[in-house]
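A, B, C, D, E and F are the chain letters, set down in written order, and residue numbers restart from 1 in every chain.
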Amino acid sequence: MDRIALFPGSFDPITKGHESVVQRALPLFDKIVVAIGTNITKDCFFSLEQRLQWVEKTFESNKSKIEITSFDTLTIEYCRLIGAKYILRGLRNQIDFQYESNIARINQELHPEVETVFLLTKPEDAVISSSFVKEILNFGGDASRFVPTAIAADIIKK
Amino acid sequence: MDRIALFPGSFDPITKGHESVVQRALPLFDKIVVAIGTNITKDCFFSLEQRLQWVEKTFESNKSKIEITSFDTLTIEYCRLIGAKYILRGLRNQIDFQYESNIARINQELHPEVETVFLLTKPEDAVISSSFVKEILNFGGDASRFVPTAIAADIIKK
Amino acid sequence: MDRIALFPGSFDPITKGHESVVQRALPLFDKIVVAIGTNITKDCFFSLEQRLQWVEKTFESNKSKIEITSFDTLTIEYCRLIGAKYILRGLRNQIDFQYESNIARINQELHPEVETVFLLTKPEDAVISSSFVKEILNFGGDASRFVPTAIAADIIKK
Amino acid sequence: MDRIALFPGSFDPITKGHESVVQRALPLFDKIVVAIGTNITKDCFFSLEQRLQWVEKTFESNKSKIEITSFDTLTIEYCRLIGAKYILRGLRNQIDFQYESNIARINQELHPEVETVFLLTKPEDAVISSSFVKEILNFGGDASRFVPTAIAADIIKK
Amino acid sequence: MDRIALFPGSFDPITKGHESVVQRALPLFDKIVVAIGTNITKDCFFSLEQRLQWVEKTFESNKSKIEITSFDTLTIEYCRLIGAKYILRGLRNQIDFQYESNIARINQELHPEVETVFLLTKPEDAVISSSFVKEILNFGGDASRFVPTAIAADIIKK
Amino acid sequence: MDRIALFPGSFDPITKGHESVVQRALPLFDKIVVAIGTNITKDCFFSLEQRLQWVEKTFESNKSKIEITSFDTLTIEYCRLIGAKYILRGLRNQIDFQYESNIARINQELHPEVETVFLLTKPEDAVISSSFVKEILNFGGDASRFVPTAIAADIIKK
């Protein structure tokens, strides 16, 4: 059980883009821990319980390799706690890269032994973001095709 | 022997940055194929033989997991040929990301089953490039600290 | 009456940059609908009435081709409602492009038949933004030369 | 016959991306002049005759609104010559924007009365470039799905 | 006493990066005024008194050339008030440049006689930001190595 | 004679942008050495003699503080040779910043005691480049307003 990766985020809500990055990264790792960071100051639209439930539903067919949880520390500290040597991140575009590379550089500074591994999103997922999904929901639009199939029906009811 | 990654490049010459990306990615893969693309139109400063020799010397203590070779096709075709499901790339900065993400998107389009995996260079390697090494050599400067330790003495003599 | 463009925004307040983009795009379209989106969560400094009044004053000499209004839906839905096949946007610089191209890509995904048409701002308008105007006003400075001539006197009194 | 746009380029060769930008811009203009600039210093892979022939074949069903030609002056001077008040450009990504906005700013400086109008490429065309097509051809690959349908068969034979 | 530079900021708290930029710029100027802008809408974590005290402690060995103060106007107006012909800014990366060049362009527009002078941060400081320091403090981590040595002990006690 | 800055370049030819950066930086330094690097591999359009003559003519009214020369080493080595503690660079836009910050980082690595000092070009100079001037000349256009007044008449005759 060596190659553990942390995939941290707010998942407010989880999107098709998140799902795809985890699925495509799965062969690279022995375990991926999808973890909702709860200490971030930003307000979330959906409750932690709701977000956790949707993440669990998304990956329930991969329970042997994907673990779902939440954490309340610095991301890099949580890696140490769970023995994750890798942080997994998806990149949609250059704005993502600017933001993500900055965080990864800070993490390199704090704990150089943890590597951040980046995958590009699939082209068709490059426009999807949790904010975008929330904006559509906010106007009563249909966001179901931007979230994992497993939770599409749930999202519509919101 | 499942997780094979291709690390393609000109390696004209190989730098400390290249070496570090391969070493840090090594635990993620069962084999990394470091391969010099010879079909690229751009003129190289060092001969293919010289470049291959330096790459081999750099990684000679890891012969079991690192394979050195050259290839003369589209990078993505070479992946198929050798059964590599991953292309490994290092990112120094945003200019690299612009260039690399463009190529990775093309490769996604051509063969979606091959994933490009990105690592950030270490901060101290972020300024090193083969062009920079060549420019220093060109002016008779000392480029030895920017190349792998194993070839530093060789580079000085050039 | 075929070529209708929507020019959406907060216009908090309208600037010389907004005015110039609309005026320069006017020959391309049969009608431009300048519309204040009122559903956006961000707080506005000026009231909707005040903002509408200034936009109207700015374009009052072009009433035949420019329509002023407000809307309370997704921008792309409003296009459908009014039969606009185009969204008009000004680009000042790369930061604008990152933001605007992301929104345009989302709109392409939602309704591919609506095209976003981009014009560059004029060089002298490239530094002007509503935020900048508000910051100057906030410190009691003179922002009159950054807003349309028609409302310059009104802005000073604020 | 008022709204004339120039769509300049090397078209070495024309791609699906070029074709799509012109087709989508067509309703905005009375005429689009697709013109191959022949004075640019860069070496072209295909002859001017070949490139012109492919551009003509691509748009032959729109002869009433699309004109094909070549020119040997500054782009902005050619606009004046043919009475084009607009330059049409497609944007795939931020690299394009950096390059294109710089040229558009120069043209604004030289002849402010000519507007550059930008459209985003369609998402699926965002990775396609003439260079990419040439690289595939160079390795004997199949580039037919990246060029206009009308010339796909011709490209394969090259 | 001619070459006066203003180094404005929130300094919430001052970091090693701020300190280094001021120290390296010192030979260029006769006086550098390090000034905390208090009018900015954003909420600060530390009180103005605390921030001022830390800035003073950081530069107390350079009292002859570095002046510490706070101000409550537009930055460019404050330059005029104190006779500063230069605004000094550090650049860590491209995100900084986008933000800083925009502000500098606005200042050029408002008062062209004031020049903004940019230095790059030192490579090892490129990841440090006040936000990052606050985030570490927030989780009870040790941020002492990211702030000036003179205040490291104080920060730990917070 | 302490504050010496090197302003290196190809100056093929010198533009209004170069002139403005030097003039605006002049109060900051005791001497600015404007130096044409002759070792760069890229081919120049104008001869070294011609380029030197134009640079000299541009700054001939400031002979006491501005020195004109050429050099044939690494830029950073030339700084040491002439005792320059500063490299002066102008930034027009983000593309410049990407390129210039990379070079400055390399120079920091090679000789940390030399600082690169950046000024923004004036807004009206942000589109001017030597390449642009050459392209206009190449087509027989009038480039005189993009070069220093002192050499405008000379350029027209070319």
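The rule we apply is simple: a contact is a pair of C-beta atoms (placed from the backbone, for glycine too) under 8 Å apart; a residue touches a chain by one contact, two chains touch by 3 or more.
Worth saying up front: this structure is predicted, and the values here are computed from it rather than measured.
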Where subunit A and subunit E overlap in contact partners, by chain label: B, C
Co-neighbours of subunit D and subunit B - touch as defined: A, F
Relative to subunit B, chain with the most remote C-alpha centre: C
Farthest-lying chain, centroid of Cα atoms versus that of subunit E: D
Repeat of interface A-C, chosen from B-E, A-D or A-E - more than half of residue-number contact pairs shared: A-E
Whole-Å gap separating subunit C and subunit E, where each centre is the average of the chain's CA atoms: 35
Interchain centroid distance [CA atoms averaged], subunit C/subunit D, Å: 30
Residues within subunit E bordering two or more other chains: 93-94, 98, 105, 108-109, 123, 126-127
Contacting chain pairs - touch in the sense defined above: A-B, A-C, A-D, A-E, B-D, B-E, B-F, C-D, C-E, C-F, D-F, E-F
Residue numbers on subunit D that touch subunit C, as the complex places them: 2-3, 24-25, 27-28, 85-86, 91, 93-94, 97-98, 101, 104-105, 108-109, 112, 115-120, 122-123
Residues of subunit F defined as touching subunit D within the complex: 93-95, 126-127, 132, 135-136, 138-139, 141
Subunit F - residues contacting subunit B, complex: 39, 73-74, 77, 98, 102, 105-106, 108-109
Subunit F-facing residues of subunit C, complex: 93-94, 123-124, 126-127
